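Shared between the two complexes below is chain A, which has chain B as its partner in the first and chain C in the second.
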Partner chain A sequence: MSGIVLHDIQKSFGATKVLRGVSLSVAQGEFLSLVGPSGCGKTTLMRIIAGLEAVSSGAVQIAGRDVTALRAADRDVAMVFQNYALYPHLTVRQNIGVPLMMRRLSAAERIPFIGGLLPGVAEKQRTINADVANAAEMLGIGKLMDRKPAQLSGGQRQRVALGRAIVRHPMAFLMDEPLSNLDAALRVTTRSEIVALHRRVGASTVYVTHDQSEAMTMSDRVAVMMDGLILQVGTPEDIYTNPQDLRVAAFIGSPSINMLAAEVAPDGHVTVGPVPVGVGASGHGPAILAIRPEDIAPHATGIAARIEHQEYLGESLLVHARVLDSGEQVICRLPPEKRRQVARGETVHLRPDPAKALLFDGDGRRLGSRVLSLEDAHG
Partner chain B sequence: MATVADWGPASCPWKTPMADVAMQSPAVKAPTARARTLRGDAGIAWLLTLPAILAYCAMILLPLLAVLALAFTDYEFGARSFRWIGFGNFADMLGDRSFSASIRNTVIYCLFVAPLSIGIALGLAVLIEAGARGRAFWRAVFFLPVVSLTVAMATAWQYLLHPSIGPVNALLRMVGAGTPNWLGSSDWVIVSLGFIGVWENVGFNLVLFLAGLTAIPRELYAASEIDGARSGWSKFWLVTWPMLGPTMLFVIIITMTRSIRVFDTVQTLTQGGPNNASEVLLRTIYQEGFHYFRFGYSAAITLVFLVIVLGLMLIQTRLIDRRVHYG
Partner chain C sequence: MQSRPLILDLPRLALLSLAAFVVLAPYIWMVAVSVKPQDEVFKASLSLIPQKWALVENYGKVLATIPIWTYIVNGLIVCFGILFFQILFAVPAAYALAKLNFRGRELVFGFVMLGLLVPYQTTALPLYLGIHQLGLLNSYTALIAPFTCSVFAIFLFRQFFRAIPDDLINAARIDGMGEFSIVWRVVLPNALPAATAFAIFSVVAHWNDLFWPLIVIQKGDLYTPAMGILAFRSVEAGEDYGALMAAALLVTAPLVLAFLLAQRRFIEGITMTGLKG
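Entry: the complex of A and B
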């Protein structure tokens, strides 16, 4: 039984098409991150899964049930909002208890004072309180139960929002940039706490983030979204080492991937300027060779470039160079001890690792490539 | 003591009272330079606030004190002298039928106008806010009574409520209901004025509620929906009602004070009649002061009026304010 399945979701606001056919499936218990530049439609997609926004076309399934026509309240999903959306007039205990109150008590039973006198309500209230206490225990906010949200720090509010989401054991979790309001240090610790919480709760989770390091470290799979389309879904490693689209390659990784104009000769050999790079491809014509900074380094022969400056990062050294022929900028990540061996203004020959080089056509689609021995290339 | 004067102002310059105490104590022979500049600063501060203080005294405090003083005299406008009569005016009030009628009517009017105009305005505001379009239109429609001149509109009301030729009674006649003399019978007059008051206040309250509703974060509604609030009703009680708390408080106070001050509709439509049945507090003050020229008595009633308004303010700041602002 699958967790969340989206079939060809389209969504327009008036004339603007925000989602242009998104299909995605999140397995039961899977943690999937949704990354993409601002305005690409991540929040819109989340709201559609949650049932806060209607689709223009397409279908949403949750736990094998078609929920496209159901309201948010009937979908059995929980959502954590970017700014938490806690009820400011309720205490932490009440905030976490709201989803249970709304589901387990009837409208009459929820009336203050009077509702409590109805038969059976006291018992229900007890179970609600016990469940709330359990959730709070799991998040370590047991001591804050009687505070109002205004009396909490950002991190504590975030936990309360998480508590409100987990307390009713939903089928699916949606989190829309839940860490973006926290400071850097707290973000890193909360990251691993969310992962641990996810393991414990085990519900399918869609996690929206701007921050690719969050996506890479937390997720089972990452979906990269751009302009209302999902370009690629895969494991973090897959997305990083084997991007199927130039935009995915460029979006993931920091510093971002190097892109060099290349040419596929009729015999299939790829050259950058005049230099063969030891990669073969089918077809011929202009192409783009993309190479991660850690996969290109100075060598006896290679693409001639002048070093412009270098950044020492402690664990590595980033060398910024400019290709002499084309003027393209290249960044190499080198071991830090190379610091003394390269100097500004010096000309070096850069050689991309043929096994790691990625080849794309003019439209940014990935081309099949294979490693040639350089001797072959010189042929 | 001298040491206090030495380090006090330097380490915590805002603690002027400390420095003052130190300077007045005999142990300090001459004020230090620092203390002198402090006193200079205070002088300049007073100088700068002087215009505001003068204006406040001239415009608010003195008239208030005059009213306070007058309330304990038998002064009549044009009289050459007056006597202090202590609580005489207040004792008179207890036996004054027109005063007790005006208090009773004002209370009835308030209790009629405030809940109705607040309830209707809130209902309309929620409906308008929920509606997809036409917000500006509806807001303008309901705000019209607020910006139109009550005195001018009173003519329209007089026609509408006329016992024989008025459209209201024509309508009632058509459905076979009774046709009361709305403004002419002592049973109906305060209710009729109340309806006009509701009509006047709904627009004002509506605009306040609309502003309050706009300030509620949309995400709270999204959260409430995900938390299982299916109906508009449960969303209203979970989000709208508590989030409107501060607005509601303000609206209640404003509506109460506005309806306690009812005067123009009464003066133009009924002159307090028939038989004091629509006599209200402000009209009694006006009548005693400017009609009978009993300034002392009028001032005493004004004082009662002020006490009521102040009481409302106190309720706002002391009792409710704390419970509707969250954090």
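Entry: the complex of A and C
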């Protein structure tokens, strides 16, 4: 059974189309990250899944049920907001308890003071308190239960927000950049805690971030979104090594992928400028050769480039070079001990690894390619 | 916190005390007159302490002449009745105007703004006729009903609610709250400073109001406190300033007391930090 299924979701605000046909399915218990540049519609999509925003067209299913027309309250999803959105006037205990109180107590039973006198309420209140205590225990915030949100640090507020989300065991979890207000160190530890929490809770999770390292490290699958469309969904490895769209290739990876203007000759051999690169493709005409920094290195022969500067990162060395013919910028990631072998201003010949080279057409669509031996290429 | 030496604060304190004295002077004078016998009130000399105390006479006269406790209870019923309905109606309306998107919202808000421009005396006559036709003259309803929809309250709360983050309301929706739960459980508790400020404004205005009660109330047992004071300005009784001031003091005392209590609450409300990242 599927967790969350989106069918061709479209959304416009007035004349601006923000989502232009998004289809996506998140399996039961899966952790899916949604990444994309600012303004591409990630938050809008989350709000649509949560039921905070109506679709212009399309359908949303959660756990096999069409929820497109349901209010947020009836959808059984939980959401963690970027600024946590805790109730400032309630204690941590009350904050975490709100979703349970709203679901387990009737309207009459929720009335302050009087509601507590109704039969059975005390018992229900006890189970709520027990569940709240459980969730708090899981998140290590048991000691903060009587504080108000204003008396908590950012990381603690984050945990309370998580607690409020997990306490009712929702069908689906939505998190919109939940770590972006934390400092770098806390972000890394919280990252792994969220992953561990997800394993324990096991609900389908959509996690929005514009930090691709978060997306790559945490997720089962990553969806890359741009301009209101999902360009590709796949495992982190798939997205990184096998992007189907030039924009995906360019968005994922840091430093970003190198792009070189290339030409597919009528016989299918790919050349960059005059240099054959050992890659074959079907069809012919101009193309773009994309290659990750770690997959291109100086070699005896190859694309002539002048080294402009280098960055020593400890575990690796980034060499910035400029291709002599075209003026394109190329970054190579080399083992750090190469540091003394390459010098600024020197001309080198760069050879992309044919097995790793990615070929795209002029519209950014991926082209099929195969490795040729360089003898073939010369022949 | 490091405390500054007193000497540095002295000029400021002196200035504040002076300003406070100017503001309080009429009230202090009222207190003084309320314990003076009639002949001392018009003495040329300015003295706060009477030569002959007339405390018992003046206050005794007030308590003997008018049922001041009845009036005060009436005042409480009317003021809190008005405040209750004002909050009941204005808070959801202001929430809708501040946070919900619906067709015609700006138009409705335009009417609210327009309503702010109309002084309530202009509507007094049609209201009186309406209440007369309903046979509701001389009733609490006549005193309360015309004020239950306060455009000022709607405007004030709407401005305040706009500052409440949308995500807080979205979080409440996801937690299972309907719009009315959101209004009373999330929005109003986070707008307590505004609510307190409005409550002070409303209660003071209606406690002291003389215009409307004089129009709709003729029966003595429904008199409001402000009307009670009039008994000492009547032609028959002559102008008894000592008793008049004593009555005024008794009538304003609950207000002063309530304000002092609300003021603490008010400051708490402000220091209760709102939403922070």
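Convention: the second predicted complex is superposed on the first by the 379 of 379 C-alpha atoms of A that agree within 3 Å, B and C clash if a C-alpha of one lies under 4 Å from a C-alpha of the other, contacts with A are read in each partner's own complex, and residues count from 1 in each chain.
Definition applied: a residue touches a chain if its C-beta (ideal position, glycine included) is under 8 Å from a C-beta of that chain, and two chains touch if they have at least 3 such contacts.
Keep in mind that what you see is a predicted model, and the values were worked out from it rather than measured.
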| item | value |
| --- | --- |
| Overlay on chain A: chain C relative to chain B, clash or fit | clash |
| Which of chain B and chain C A:143 touches, first, second, both or neither | neither |
| Touched partner set for A:299, first chain B, second chain C, both or neither | neither |
| First (chain B), second (chain C), both or neither touched by A:199 | neither |
| First (chain B), second (chain C), both or neither touched by A:322 | neither |
| First, second, both or neither for A:365, with chain B first and chain C second | neither |
| First, second, both or neither for A:83, with chain B first and chain C second | both |
| First (chain B), second (chain C), both or neither touched by A:169 | neither |
| Partner chain in contact with A:126 - chain B first, chain C second, else both or neither | neither |
| On chain A, positions contacted by chain B and by chain C | 47, 50-52, 71-73, 77-79, 81, 83, 85-89, 98-99, 102-103, 110, 148-150, 164 |
| Touch list for chain B against partner chain A, complex | 217, 219-220, 222-231, 233-234, 237-239, 242-243, 245, 326-327 |
| In the complex with chain C, residue positions of chain A that touch it | 47, 50-52, 71-73, 77-79, 81-89, 98-99, 102-103, 110, 148-150, 154, 164, 181 |
| Of all residues in chain C, those that touch chain A in their complex | 165, 167-168, 170-178, 181, 186, 189-190, 192, 272-277 |
| Contacting residues of chain A [partner chain B, same complex] | 47, 50-52, 71-74, 77-79, 81, 83, 85-90, 98-99, 102-103, 107, 110, 148-151, 164 |
